[in-house]
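Chain nomenclature is as follows: A, B, C, D, E and F, assigned in order of appearance, with residue numbering initiated at 1 for each chain independently.
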Amino acid sequence: EDEDENLKPQIGVVRGLAWTSVGGDTLSIEVNVMPGKGKMELTGCMGDVMKESAQIGLSYVRSIAEAYGIDSDYFEKHDIHLHIPEGAVPKDGPSAGITMALAILSAITEIPVRGDIAMTGEITLRGKVLPIGGLKEKLLAAKIVGVKEVLVPARNKRNVAELDEEIISGLKITYVEEMNEVIKCALKKESK
Amino acid sequence: EDEDENLKPQIGVVRGLAWTSVGGDTLSIEVNVMPGKGKMELTGCMGDVMKESAQIGLSYVRSIAEAYGIDSDYFEKHDIHLHIPEGAVPKDGPSAGITMALAILSAITEIPVRGDIAMTGEITLRGKVLPIGGLKEKLLAAKIVGVKEVLVPARNKRNVAELDEEIISGLKITYVEEMNEVIKCALKKESK
Amino acid sequence: EDEDENLKPQIGVVRGLAWTSVGGDTLSIEVNVMPGKGKMELTGCMGDVMKESAQIGLSYVRSIAEAYGIDSDYFEKHDIHLHIPEGAVPKDGPSAGITMALAILSAITEIPVRGDIAMTGEITLRGKVLPIGGLKEKLLAAKIVGVKEVLVPARNKRNVAELDEEIISGLKITYVEEMNEVIKCALKKESK
Amino acid sequence: EDEDENLKPQIGVVRGLAWTSVGGDTLSIEVNVMPGKGKMELTGCMGDVMKESAQIGLSYVRSIAEAYGIDSDYFEKHDIHLHIPEGAVPKDGPSAGITMALAILSAITEIPVRGDIAMTGEITLRGKVLPIGGLKEKLLAAKIVGVKEVLVPARNKRNVAELDEEIISGLKITYVEEMNEVIKCALKKESK
Amino acid sequence: EDEDENLKPQIGVVRGLAWTSVGGDTLSIEVNVMPGKGKMELTGCMGDVMKESAQIGLSYVRSIAEAYGIDSDYFEKHDIHLHIPEGAVPKDGPSAGITMALAILSAITEIPVRGDIAMTGEITLRGKVLPIGGLKEKLLAAKIVGVKEVLVPARNKRNVAELDEEIISGLKITYVEEMNEVIKCALKKESK
Amino acid sequence: EDEDENLKPQIGVVRGLAWTSVGGDTLSIEVNVMPGKGKMELTGCMGDVMKESAQIGLSYVRSIAEAYGIDSDYFEKHDIHLHIPEGAVPKDGPSAGITMALAILSAITEIPVRGDIAMTGEITLRGKVLPIGGLKEKLLAAKIVGVKEVLVPARNKRNVAELDEEIISGLKITYVEEMNEVIKCALKKESK
């Protein structure tokens, strides 16, 4: 479902990886920020764990926002809407944590995210990246849409080691331990 | 149920297409905006996915409203009510996304929507149009009420190709990939 | 249960018609407005569809209130309570829509509603009147309490045509397509 | 459970009558008003219909408060707590409507309510008194605690007529059609 | 679980008595007041009836607070947290009413409560003390922790009369009809 | 899952101990404070008892915050987010009470917490430490991650006495009765 134009950098849109009953899939996580009163809107048929993940991602971004020149009252004066298509497909789990945090950061800083990258990983409030499941299926899904690089939690190294080489051939696997590594790797360097 | 007068342009009213257990049907999506405090009221026996669709449509419109001369605090100072008759008929699913977004945009800009058009398509937060189901039944319902043109997600092209010619004869099918194509096609050109 | 005095005009009270498992019945829809903060209170053991109907009626009235000299911030500075006795009898469905809208309009304008009239019909956000069920039982109930005229959705004409003449003899049936016809017919002409 | 001192007039306390699976009982409806923000607190294990009844009673009182010298912003600047002991006994139904309305009126005006009176009746938003059930058991309970007079909905006249004379001997039965009759009868004449 | 130091007077902590499936137990009801916005926080795995009891206790205290020199806007400018350890043990019922009210009063006035006393009793909004169950088990629990005096609802007198003398030997039983008797008995005389 | 770097002091992060169906485990309790409006966000798939525990910890910290130089309106002007990874693992019970309270205190004072320590204990509103279960499994989990000292409720002394010596060899067990002992032991002395 992803076309070539989807490999271009975008602001507030990040490609995640999902593991479903029918195999891996890519998810496009979209964030809009609007003048408002500090409301967080979550849509895309998310379960409770995923909704909590989005809250964790938001709080992490709030804790580092000052370093990006974001005013301290920014979050009280804006509403944030995070959506994951397709709207009728139930989604849950914590593994989109780093993807959601990056999409929020990109949207509020207006710095684009690389379009040729995908990522998966649970995030903690302090930005540590925790391991996830379904890695094989997720990597296959990433290859199908043509991404060049996939960010994978460092604690999933052994899971990658167990995979057939052909699965990861052509994909650059980058291990991440902390959210700042995700940001350094996936957020475009040039500011707006 | 739609008479000729329903083919006239209206402000804040857009014709959608539904796919029910008993075939296709047209839906009249109505939006009223009122001085208020930023509340979104959704009525018409909608399920959760459809309610989320309306929120996505609203956020999309908020993200483009400036281009239509809407003040940045407009949405905090107005309430928006979106209703889909008939009130006792349960409705759900994401396929009214573009219809709801257009109805909101028309209501806040007071630019009328063409009455001789119908549309179906899921919307994402960034205004991409995603494919939908039940296309055959929806097109038949559109013909019955006499619309001239139907907006269909580009990704549903193959579904149209598989239909008998007589189903679409007399109907102009316009494929849309993004919400701005929907707006260009269905929102009347003359401002109020 | 309605006595003669109930056929006198009242402010904020309108007679609706209900269709229950034991036949038709009249409903007295009561509205009080009070200085407040824009809250809508709904009582009378209403189901979700009926509650939505009241919200639709309120939004419709807000959209036409200016024409009645109501200030634009009126609805933010008042609370509205709509009640339908009897309090322990569950009620649902959209068919009290026009009745509820008229009761709200009467209460805020303080223009009385004719007491010798009854009505039934679903309302849309734009004030269109949609057809309802149980017409025969409702008309019988209207006759019992002695009303002179009943407002019926125009799209129910064929249902009236199918009734025995004796059911409607002595009753003036007025067909309505839009809410402004309801208002013209049932709201007393003299202002307060 | 009611002692002699309970037959003295009190502010914000009114004796209601309940009909339970084990017979009739008296209920002491208590109301406290406090400086606040317009909150309504309901305690005493009440079901939804009874809670709605309290809201109707409150709105009725708000609609007549001006006649008692109550400022128009009184209800926004006070919290109202209505409690019905005993706290662990589930209670429901609309028949305490007039009792709750009178307790609220007494609490806000600080005019005491006669302690030698009991009452039962559903209230409408406009102060009409609707009939109730379990009259025989309720009258027996009223006699046991020694009240002199019981207010009964006028529409329950035939139910009283069917009772054995000894049940009502010694009790003054007063029929009420409207809430203002309840107020005239039960609220003490002397102002504070 | 209560040590000698627990028999010392404390501010905002009152010993209640509970009746559980495994016998009687003492409960330590703790109240903290903090600068805030008038929120009431209830923790300790309480059921709905017990939560309502806390609200009744709070309203009672608000109704008498002026006599203790508490400003009329005190309750809008403070948050109150009432907790009953142990946090994982479900608790319900109205019998901690007087205990909760006294703990709130002590916390806001900063007047300590006697530590050598325990109490049980439902409270009404007007401060009447209603009878409770499980008296035998509660008194035994009170003796075990070494309290000298137990406050018991006057309407439970006959229940005490039926107990073996050895159960109450060494315990001073004080009967209370109204909350002001509880306050006089358990709140330390010296003000802060 | 804890590495050496996790034994370093951190601000707003405290190591708790959990007892699950598959044995003991360590929990990293994380707290972020942000400019805000006094909201408490709790994530990490917590059950109701654990959520109440966090509220108790917060109220305890509010009651002692002045002694740490925290302004009285600090809590109304900040949002607090407490998270316990991993996000998909359900957690419940009161035994993380002291850990959560300490993490909140550390986050608001910006005083780091020792990283070579772990702790378990229910907290009351007044800061008493109540006993917990699963001590053996918790101590084993603490040893595995290399902590030097474990804070244990004093009332669990007998449970420790019953353990094999090898389980606790190499671990310093410190018994705590009150939260101030926890703070003295685990919060680093040097202020920021």
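The rule is short, and it goes like this: a contact is a pair of C-beta atoms (placed from the backbone, for glycine too) under 8 Å apart; a residue touches a chain by one contact, two chains touch by 3 or more.
This is a predicted model, so every value here is computed, not measured.
Q: Chains shared as neighbours by subunit A and subunit E?
A: Common neighbours, subunit A/subunit E: F.
Q: Return the chains shared as contacts by subunit A and subunit D, ordered by label.
A: Where subunit A and subunit D might share a partner, there is none at all.
Q: Hey, what angle do you get rotating subunit B onto subunit F on C-alpha, to the nearest 5 degrees?
A: Superposing the C-alpha atoms of subunit B on subunit F needs a rotation of 120 degrees.
Q: Please tell me whether the contact surfaces of subunit D and subunit E are same or different in residue numbering, using the over-half criterion.
A: Under half of the interface numbering overlaps between copies: different.
Q: Using C-alpha centres only, name the chain that sits farthest from subunit B.
A: Most remote chain from subunit B, centroid-wise, comes out as E.
Q: Nearest whole angstrom, what separates the Cα centre of subunit E from the Cα centre of subunit F?
A: Spacing between the chain centres: roughly 30 Å.
Q: Between subunit C and subunit E, what's the gap in Å when you average each chain's C-alpha atoms?
A: 52
Q: Enumerate the residues of subunit F that touch no fewer than two other chains.
A: Residues: none.
Q: Round the ring starting with subunit A, subunit B following: which chains, in what order?
A: Listed around the ring from subunit A, going to subunit B first: A, B, C, D, E, F.
Q: Which residues of subunit E touch subunit F once you look at their complex with the stated criterion?
A: Going through subunit E, the ones touching subunit F are 1, 10, 12-13, 28, 30-32, 34-37, 41, 43-45, 81, 83, 85-88.
Q: Can you check the complex and tell me which residues of subunit B touch subunit A?
A: Checking each residue of subunit B against subunit A gives 38, 48-49, 52-53, 55-56, 59-60, 62-63, 72-73, 75-76, 93-94, 97, 122, 124-126, 128, 130, 155.
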